[in-house]
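By letter and in written order, the chains are A, B, C, D, E and F; residue numbering begins at 1 in each of them.
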Amino acid sequence: MVIKLSGSVFEPPVDANLISSFCKTFKSITKDKVQPIIVAGGGSVARNYIKILRDLGSDGTTQDEIGIAVSRLNAKIMIQGLKDKAFPTVPASMDELSMALCSKPIIVLGGLYPGHSTNATAALVAEKSNACLFINATDVDGVYSDDPRINKKAKKFDQIDTKSLFDLISKSPMSAGAYDLMDPLSVKIIERSRIKTRVILCTPENILAATKGHHIGTEIIVRE
Amino acid sequence: MVIKLSGSVFEPPVDANLISSFCKTFKSITKDKVQPIIVAGGGSVARNYIKILRDLGSDGTTQDEIGIAVSRLNAKIMIQGLKDKAFPTVPASMDELSMALCSKPIIVLGGLYPGHSTNATAALVAEKSNACLFINATDVDGVYSDDPRINKKAKKFDQIDTKSLFDLISKSPMSAGAYDLMDPLSVKIIERSRIKTRVILCTPENILAATKGHHIGTEIIVRE
Amino acid sequence: MVIKLSGSVFEPPVDANLISSFCKTFKSITKDKVQPIIVAGGGSVARNYIKILRDLGSDGTTQDEIGIAVSRLNAKIMIQGLKDKAFPTVPASMDELSMALCSKPIIVLGGLYPGHSTNATAALVAEKSNACLFINATDVDGVYSDDPRINKKAKKFDQIDTKSLFDLISKSPMSAGAYDLMDPLSVKIIERSRIKTRVILCTPENILAATKGHHIGTEIIVRE
Amino acid sequence: MVIKLSGSVFEPPVDANLISSFCKTFKSITKDKVQPIIVAGGGSVARNYIKILRDLGSDGTTQDEIGIAVSRLNAKIMIQGLKDKAFPTVPASMDELSMALCSKPIIVLGGLYPGHSTNATAALVAEKSNACLFINATDVDGVYSDDPRINKKAKKFDQIDTKSLFDLISKSPMSAGAYDLMDPLSVKIIERSRIKTRVILCTPENILAATKGHHIGTEIIVRE
Amino acid sequence: MVIKLSGSVFEPPVDANLISSFCKTFKSITKDKVQPIIVAGGGSVARNYIKILRDLGSDGTTQDEIGIAVSRLNAKIMIQGLKDKAFPTVPASMDELSMALCSKPIIVLGGLYPGHSTNATAALVAEKSNACLFINATDVDGVYSDDPRINKKAKKFDQIDTKSLFDLISKSPMSAGAYDLMDPLSVKIIERSRIKTRVILCTPENILAATKGHHIGTEIIVRE
Amino acid sequence: MVIKLSGSVFEPPVDANLISSFCKTFKSITKDKVQPIIVAGGGSVARNYIKILRDLGSDGTTQDEIGIAVSRLNAKIMIQGLKDKAFPTVPASMDELSMALCSKPIIVLGGLYPGHSTNATAALVAEKSNACLFINATDVDGVYSDDPRINKKAKKFDQIDTKSLFDLISKSPMSAGAYDLMDPLSVKIIERSRIKTRVILCTPENILAATKGHHIGTEIIVRE
């Protein structure tokens, strides 16, 4: 099972109790012999670093790279909270992930490659690990017809198929660290590998509910 | 300058004369103090390896990885043809690419990351290296309104903007090693960094013509 | 137990059923608490890549290196067939092999170092892992007095000692990817570490028979 | 020449003009055929990450590691400001530093090893590179008899010898990311290799003045 | 549990029986579900290599590095003696150590970073692994008021607190490979993490006694 | 040009003057725009480490590995003597060697791979770098009909062809660190790549003479 964790969890000053409460949820998931793989987002610290690089005239790939580096620091925080239930280092490639999966019940990583949002990374990780479920725990409580933080009339979907979702999001421009509920690449990956996916608001309770199959947030479905 | 080289160049039995003739072109480009970065595609050898993994039930990420590995073998062939004009090893990450750029006039690489076609890799490399031009040397002589190998009535564009191109290609499914003139990710990257791009038929002569600014193939433009 | 697998197994188009049938054999071996280490050869794909490098005037070491890279792709195929019984990545050094041996029942690798055929690699791996048996599964059904594909009168040995074998093979020249039943280095390693070795025709049935101690192919013995 | 740069330079929101002004200074130093090596500190972002690890009960070594990771992000910012005058990646070991020194006029790194403050890292780097001068550009304008931010009567030294400095600082406890003007290890290294050292307030102007031999801040001297 | 092993154990000609007897002790410790981490010192071979570098005018950091390299050879000897009870390679960083701890009952390493004695390395390792006990098995049978090999009137302490120890040792100069019972850095680390520490004469019997809580050598205590 | 340097040069106590005198010779060679690659042997320190591993029952591959590790320490000594004329680190693979060759006039390495003597490594390095000459500077002043240290009647050859040399040496057994004037693998490599080779007694004067084409020691020739 792959869980993308919104970068907002790691907003400074980070709350140790919140981290511990996520850790408790992840540990409880392992009791059912499921091996959760957590992908931490970068959050506002990543956006700050990306902004200064942009101000200095850096290219988009390097901006992506510094965002990845921050998401790995966030992964490291979560690992510390999970103590010896988690693989002790943050995998930095698919090969390192594969090896980590051989040895510990919980794996935490951040971004992997420039050009990929942490959402796309999480989708690839779900594909690579043949995950039974991909939970995208994000800042909003599901997929909306428009950005609900801007457009109050945006409508939330209970289900959306990958083609409609692709059309919805491919209108928006791509830039490192921007609002990316789901980027085009992650939708293409979900589609090519028919990955069972759910977008939810990021709380420990919601994650637990989603792992139990509750119908919260938005389900992404792949049509023939 | 970044040149994506079609995998078909490396079709076995590989023709040493063809390789040498590409090498001669690349060396001649360096005379104008331009540092060409070549991204080799995987070609049919890659597709064979991808097919057997698919037959064995492997996931898409692992299929991508074996395709990348083959494209790196092809890069190695080109390096051997370029002798000491080229950086002697194949960079396997953006950091390795950055370091290679400090030391030799020509760099040859293959794919970098799963989830990226070699086209998207080439676009990222063009972004990272602030390339003045991205030449996508491919199997067809430009962007068509449909796959010209299937639809004989497909119309070739002299110019196409990124939005229209994105719409054109986002209809097709994503699968490792498939027909990918330009994939959605590469178009998004060209757009976000306003990279000057041209799609041409892959021959040494065409590449030389494109570097000289001749209007061959299809130019991809970014509108406001 | 170390099993050198002829590169011919991976002859394109690779047959998924053949791969699966080898995988079934390897998995059945693990039931007796034996940890098989498979060393995949490069086969004709390797020879094609080596040939083009030779045509381009490359040195022998670089030719060896590209052959190694191809043998690792073949190893990756076998790993995909073995699924989670196999260590998920291809060890690229003795240290990586040692660490892989700590974690999974089956390890698959390709070549390791230039200057070594995959036979010599397999012999070193047998030495390093204190293997109880080294099975060289090759294109011919044992050691002959001459190359049986050329000389129809070549006589097959049931047993041959390392000194006679060394004399037999040291007549032939060394070149990357050439006919190498056993090269001088592998014989020297078998001799220095007294490794129990058998050369057989590469089929799943023969490998299983050899692991059970059946007298097939040619046994290589070390005299005082 | 080694310049330790206070982490406060990278205080969010980072000021692109301030970074550019430091970069201008570093580039001007290279005109005298001096190769400046910049060691970036971690600053408050590092202290935030260290704090959350401490709240989660992590050990001091892991706290050091996350502080190092942040200082490397800061180094990356400075590299982006220096563009192609700087080595493109952040060396993560002495070996990587040695290789970087072969290729570009300016090198920027962050911390290297747990157990070392970035000051001690800078002292080791000065030793390793046989630096003619080690400038410790910090938050205070020299070495004081006590922490001047707390004790207003603290007296600033124009010169202090390593033994007195060691006594002065060895009273304070060691903890990751804490006030460390100079830690015991850095003083020991300055002493063993007789490195010419000056502690100054971190501004572009002061750094330039110090490189020109002006008597600002505090000079650290090694007695027989 | 972390055990620093004096480099004198590896004095050439190394005695295989002595090594085996240490190995027997380490294996017996694992029976109580304790995972011993052994840190091997460099000994006289290290000092010889350091001396020649000093004669050639090398810097202190490079001298440290060659000392570390020798201590890792010594670690490799111990691993060979421990056979499959030990992790098969020598961790070269804290991350490698963390991963090794996931897989085998005994880990053996040498030095890690320049600027650290193997004592300081062992203290950091004790901190990182939350060791219940740090045994410093050295050439003398405890901490003395002066170097007992020079001053016959030196008095041995049964207990010493970290502050007194720091004062005692900070008088002596720092140089690669020199007499370093405990260096300032290791004392600071013991202090910051309140690590239970005992300094004993390095024999298999003493190590076993110390693990059982016997009052031999000198106990280092941390006062409020 | 590749120069294999006998491990006896590094016999403890190493003589800094001897090292400096070799360094002077190597630097003088670079004046003719030749880039010398030095391969350091392991010597008696290597043999001591190999012996203790053998006493502990280790396999031959691990014995090779510890010998390689010692030869790299010796390479490090030579690099320190050459200061900034040499690449600062010891290449540990052919790829690292290729990259080092892009940046500094002199490269020093030790062994590379288990199963290869440092002689075979030097032959592979000569092949990889298209060396104009391979000088094997060893403990005896050329190739003899028998080991001249044992058989006083052994006759020295002025010239010997690879086939005769192969026959001569293939009689002796292979064991890590043993008397290896030239091992079978190195002869095979010299033969396959027709490398111009000379075996001489290892002194700075002889090396200089050999680089100037003087007829000292034994020339190894490759017949059609």
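For this structure, a couple of remarks:
The rule is short, and it goes like this: a contact is a pair of C-beta atoms (placed from the backbone, for glycine too) under 8 Å apart; a residue touches a chain by one contact, two chains touch by 3 or more.
Please read all numbers here as calculations on a predicted model, not as lab measurements.
Using the contact threshold fixed earlier, the set of chains in contact with both subunit E and subunit F is C, D. Looking at which of B-D and D-E shares more C-beta pairs in contact, the answer is the pair D-E. Note that among the pairs C-E, C-F or A-D, A-D reproduces the E-F interface, with over half of its contact pairs the same by residue number.
Farthest chain from subunit B (centres taken as the mean of C-alpha atoms): E.
Relative to subunit F, the chain whose mean Cα position lies farthest away is A.
Subunit A and subunit C have centres, each the mean of its CA atoms, that are 43 Å apart.
With centres set at the average Cα position, the gap from subunit A to subunit B is 29 Å.
Averaged Cα coordinates give subunit B a centre that lies 36 Å from the centre of subunit C. Residue positions 62, 65, 103 of subunit B each touch two or more of the other chains.
Each chain pair that touches appears in this list: A-B, A-C, A-D, A-E, B-C, B-D, B-F, C-E, C-F, D-E, D-F, E-F. Interface residues of subunit B, counted against subunit A in their complex, comprise 59-62, 65, 94, 112-116, 120, 124, 127-128, 130, 166, 170, 173-175, 184-185, 188-189, 191-193.
On the side of subunit C, the complex with subunit B involves touching residues 12-14, 16, 19-20, 45, 48-49, 51-53, 55-58, 62, 65-66, 69-70, 72-73, 76-77, 80-81. By the touch rule above, subunit F contacts subunit B in their complex via residues 95, 98-99, 101-103. Residue ranges of subunit E in contact with subunit C, taken from their complex: 87-89, 103-104.
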